[in-house]
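Down below are the structures I want you to see.
Below are two complexes that have subunit A in common, paired first with subunit B and then with subunit C.
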Partner chain A sequence: MRRLFIALLFLASLPFASAQDDPLKVAFIYVSPAGDYGFSYAHELARQKVDAHFGDAIETVFVEAVPEPDVEPTIDQLVADGADVILGTSFGYGDGILAAAPRYPDVIFGWGTGYQRAPNVFTYMADLYQPYYLNGMIAAGLSETGQLGYVAAFPISEVKRHINAFTLGAREVNPDATVDVRWLFNWFDPAGTKEATEAMIAEGVDVIAFTEDTPTAIQTAAEYDVPSFSHYASMVEFSPETVASGHLVNWEVIYIDFLQKVLDGTYTSDNLSDVDYFWLLEDDAVELGSEPGVKIADAFVEPLQNTMVDHPELGSISVYDLVMDRHDKMVAGRDVYDPFLGPVVDRNGNEVYEAGYLPTIGDLTSLEWAAPGVVGAWDNEPQ
Partner chain B sequence: MLPFRLEKRGVPSAGLIWGVSLAAVAVAMLLTGVLFAFFGVPPIEAFRTIVERTILDARGLSEVVRRAIPLMLAGVGLTLAFRANFWNIGAEGQLLIGATAASGIALFSGLPAGAMLPTMLLAAFLAGAAWGLLPALLKTRLGVNEIITTLMMNYVAIYIVRWLINGPWKGPSLGGFSYTERFAPEAVLPTIGTTRLHWPTLLLAIALALFVAWLLARTRFGFEARMMGESPEAARYAGVNFFKTTLTLILVSAGAAGLAGFGEVAGIHQRLVDPGSLSLGYGYTAIIVALLARKNPVAALVTALLLGWVAASGDVMKISLGLPSQITGVTSGLVLLSIIGSEPFLRYRLVRREPARTPSEAI
Partner chain C sequence: MDDQVWITLARALAFSTPLLWAALGEIIVERSGVVNLGVEGMMILGAIAGFAVAQTTGDPWVGLLAAMAAGGAAALLHAVFAVLLRSDPYVSGLALTIFGLGLSGLIGRAWVGRPLQNAMEPISLPGLASLPVVGEIVFGRQHILTWGGLLAALILWVLLHHTRLGLIVRTVGENPAAADAAGLPVLRIRILTVVFGGVMAGVAGGFLSLAYRPSWGQGMTNGLGWIALALAIFALWDPLRAVFAALLFGAFFTLAYSLQSQFPPQLLTMMPYLFTILALTFTAVRKGRGAFGAPEALGRPYARGER
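Right, the complex of A and B next:
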């Protein structure tokens, strides 16, 4: 009888005990399977790091391969499961997130790469334009023909910004370098990527960069011994010999910062209207590297150290040192160095940013122009 | 020799069809349960969660019906075509073109509020019908196999939509993303509460099913269509006008798929989006809806709900049970496989061999 009483007492105390230690439940929604290389995989790696960082304070779950129109019912199910924070990682989730958010005013929503906020919806982005700029310098340093190639997903502002940064970097090393751009009109298109890569190599391109969700460009370029760059996460394992460097994203830096502020009460479900992360090298949200911690793959260090350029500002300098100079300055802050600091002229000769003007984040996220040296079709280009 | 043999049945009774179909679903659930157990999810609990989230929960139920709407419209249309032996595999393309026509009206017509939705609906129906017309003409005039032509027309439709949203119809306010602008409120269908259940389209689907059932059972056109399906030789001999009947039935069948496209853009997306997001393969699933319904338009309403439920259950498995995304495809495959596999039980019965007979008598 006494034992039963104790057991009942224990059971009665359970709801209170669990209410106190209830971890913050954080749900991630991915647009493709988490195991695939590319965008969703980078978020999945970040989720695992968030899990490890917060221990028992946070419980994470993820839902993969959610088509854009299905994000709203997915949110309904996640809320029913008790999610406190829901992070929709894809631009196309915006309609669904903004429709569901008013229905669940106590739940916090994040719209990755999005642009519209609400009291319980914040937006976030880890932008890669700075590492792409450094990749462009490396590419021009390695190229013999001066012809670089870029396989691009969609002509949206983000991708245009990255192509421009890559091209400006290439031109800083070789003022005659060109960047041939091929559009896929798709985020995931291994067949199209292979075709575009091979076509450009056949035309004399000897370094390849890309924005597409698979390692296909790296694998195809490797067949011709053409250097390429890791995209989002390390892709070195697909071709250890030819991946020269890359642009890596550390989404966990943003996630940990945000969730810490949720845990300590700074961010709540009614003060997020102005919370917009646009984090860069200086925030450690993105990184130059073929793999984490390796800025330039070993085999490419010496060739870049031996390639000297005559730089208008820094005099005779090796490409390697030039890359590191720019890298360290960008890590110090956008006000120390930014590739888009005016004067910037587009490929049609229009002045885009006047001398001394540092474009705002808003300028960069609505960018439409094409840098001098970019070759190929360019949707919605200012004439 | 086996102690049993198969004996052909006559026309299966409604009770038998229901019994066998339910048994097939039960077998599928059993197999799915085994799959759950392999992934370390207790099957009973898993099914309870699925039922709680999809049927006992109002919002979950609204999603089941919401997914069933395009399957109903396209599926009902297909029952009519299949009855007449016109193998329309092109509902997907007809749906997409219907959605495109409705979007075009919504974005560019500037019609007043009262005329907007009816015009979109009409445009979607006519565009879907027109998309089916070409394969119908090729079949009746030149004898080209409609399975090939309707299927190929799907790809043409996919690329037309892609071209529009990447090119002339791309919304200027979206920073280069491939969508059109959002429709104005007068071009959006009402929904029940805050759900996404666009009820006018549901009513339309029910009305269409009843209309097609009436066409098939009570009209001269329906009689001729059925005769073309069941005995083309007899139909020819009886003087059925294959050309006219085929064109009429494709008008209704492909037009219905076009209406499904109207429902998706005006009810769900509120803009024209990528074909992969727009339809989630509804046009192909509708083929299964029509065949499971044994080409009966009213039964297609029920099979559409069943497949809508399978899709919604897949979401629950993925989200609440933490199963990998590929599992949803596997489970819906199991349901379809067991239902299709149950088909012989409707046509044959298993009888015990009588031991004294000679082999020749047994045949």
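Right, the complex of A and C next:
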């Protein structure tokens, strides 16, 4: 908050300065405290990298812990303070952003994880389904029981997509693997995460993945020596011996690309209707790793190299090599390898994508089905 | 399937530990006639104070002392407003919760994203842990504070119902004017019970950040303080009933995750509140019939000569 105050004071002191010489003023709006170690924390790390990357050309401010209904007045305030670009990082900011955008046609808006655009509103997403797929492969390679666990926030398309990717990955390594899913109906619920993890481990689950905004699942699993995965940012510090790998987000890759194009005039406040970033491994917007630069934690490399599987396409191969094969192919592009390439059937046996069909981003962001191997309740499941 | 019952009991014990400590404190506070809605705030101040001190000193038990001190200090604020200055206790308690959540977030900025280096370790209860089937599951790896909470409930029950001290506290809560006439220092007793309640909430918060989930996260109590308040009422202001109520609440909570494919989890996590409403209805119906009612002077600040 102090940074913000200083920034706002600074902006307030220069209301009549000429626009030409000013740095581009970019404001970030976070739904939770910047230090929450979850979603907003990842955006805050990205903001700091944006600052460092552009130097004097861009000036950033952030407002943290803005409840979703309060985003419109926050936008009004930021515009009054001279913001040129406003980036609302949360899905729930959509209504507020789309309502405010027509009022400020000269301001550029970004809706993080959103789906609706306007001439001055672009959308962006760094999606984790590919690293989750690789995490699922690693999980199945490490599991003795073949029972994997997933603590999940909300039964919305994004989380379902990640559970499906994790499960499909697990089944590529072990066709009998199952993924037990427990829902929290909350993005932030340490106690619920703890009890969900405990319940699954008591039932025989021996690897844990999760979508929740704290490292609780990692800490709980560590009490039983159960491997787990970093979520969003490195969580290795919470249990250096049991975090096997993970899925990391580099939002700055998207921010830097977009802001560079604003600076050089490619993107303006009236040509954003088709600007939708849905960036993946190939764009470096997301990363496989327990921490940046470490795809699989050292202690887990050898066990995975020693676990051989009979792969229908690649023959006898170690899980480690299989993970790296899939990783490198996904880095090369969705057309080279994609876990959702048809034929894909759901757990009820319905064909979801026919043979050879590569689902579009729209297909993936509206996905509701559950992959074979997923065990547990699943709201809005197509029958 | 038998195992499932014991596993549920084991997890209910663990999850209900912070609820029990905080609810026991609130029961004593309310028995003396004061309401403190600041449990959530005192709990989270205990959590951050405990974490910060444990991280600095390397000793979680020193951290626990700090948690107790922080809870007690926060409660003293409430005592000043709600008891001494006789302002609205509901407003003062709510303010304490909001204040505690904010202040803990501010203090906690330096600690976010770091695990606790030396956490409290679970212990195995000698003897009981070697019982067949039940032993290892239920007694094998609980925290000292879990067993401590049960012991505290027993001690408080004896104190409240079978000692002069308990009689004094209850009298102050039932009829402060009579207590005053009998020469009891009503305000001083109420201040002491409020501070005691804060210390107990501090233990609850310390348990969360030092044992249950040894790390600090903003807002990490996440509503447990409110459930503890409901628990004090559901237990009808009795320390021993609080043990069973806490276990029931704990069981609902853990079953929300183990029975998720059979029951919608929202239904199970809603149960504690539903039970509390039922308990309130029960006390309202039985009003004036002794053992099950709310303390007569609950929530009414006392001043000599006023009714």
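Definition applied: the second predicted complex is superposed on the first by the 363 of 383 C-alpha atoms of A that agree within 3 Å, B and C clash if a C-alpha of one lies under 4 Å from a C-alpha of the other, contacts with A are read in each partner's own complex, and residues count from 1 in each chain.
By our rule, contacts are C-beta pairs under 8 Å (C-beta built on N, C-alpha and C of every residue); 3 or more make two chains touch, one makes a residue touch a chain.
Fair warning: this is a prediction, and the values are worked out from it, not measured in the lab.
Enquirer: Should A:Tyr337 be classified as contacting the first partner (subunit B), the second (subunit C), both, or neither?
Expert: A:Tyr337 sits against neither subunit B nor subunit C.
Enquirer: Could you look at A:Lys194 and tell me whether it touches subunit B, subunit C, both or neither (first, second, both, neither)?
Expert: Touch status of A:Lys194: second partner only.
Enquirer: A:Arg182 contacts which: subunit B (first), subunit C (second), both, neither?
Expert: second
Enquirer: Looking at A:Phe278, would you say it contacts subunit B, subunit C, both, or neither? Reply first, second, both or neither.
Expert: A:Phe278: touches no partner chain.
Enquirer: Could you say whether A:Arg103 touches subunit B, subunit C, both of them, or neither, answering first, second, both or neither?
Expert: first
Enquirer: With both complexes overlaid on chain A, does A:Pro33 touch subunit B (first), subunit C (second), both or neither?
Expert: Touch partners of A:Pro33: subunit B and subunit C.
Enquirer: Per the contact definition in the header, classify A:Gly376: touching subunit B only (first), subunit C only (second), both, or neither.
Expert: second
Enquirer: Applying the document's definition of touch, where does A:Tyr357 land relative to subunit B and subunit C: first, second, both, or neither?
Expert: neither
Enquirer: Touch test for A:Glu237: subunit B only (first), subunit C only (second), both, or neither?
Expert: Only subunit C; A:Glu237 stays clear of subunit B.
Enquirer: Where on subunit A do subunit B and subunit C both make contact?
Expert: 33, 185
Enquirer: Using the touch definition from the top, list the residues of subunit B that touch subunit A in their complex.
Expert: Within the complex, subunit B contacts subunit A at residues 53, 57, 59-60, 63, 162, 166, 175-178, 194, 196, 268-270, 273, 276-278, 280, 312, 315-316, 318-320, 322, 324-326.
Enquirer: What residues of subunit A sit close enough to touch subunit B in their complex?
Expert: 33, 61, 63-70, 72-74, 76-78, 80-81, 91-92, 95, 103, 115, 154-157, 159-160, 185, 365-366, 368, 379-380
Enquirer: Can you name the residues of subunit A that touch subunit C in the complex?
Expert: So the residues of subunit A in touch with subunit C come to 32-33, 35-37, 41, 182-183, 185, 188-192, 194-196, 198-200, 202-203, 214-216, 219-220, 237-239, 375-377.
Enquirer: In their shared complex, at which residues does subunit C touch subunit A?
Expert: 7, 11, 14-15, 105, 109, 112-115, 212-215, 217-220, 222, 224, 253-254, 256-258, 260-261, 264-266
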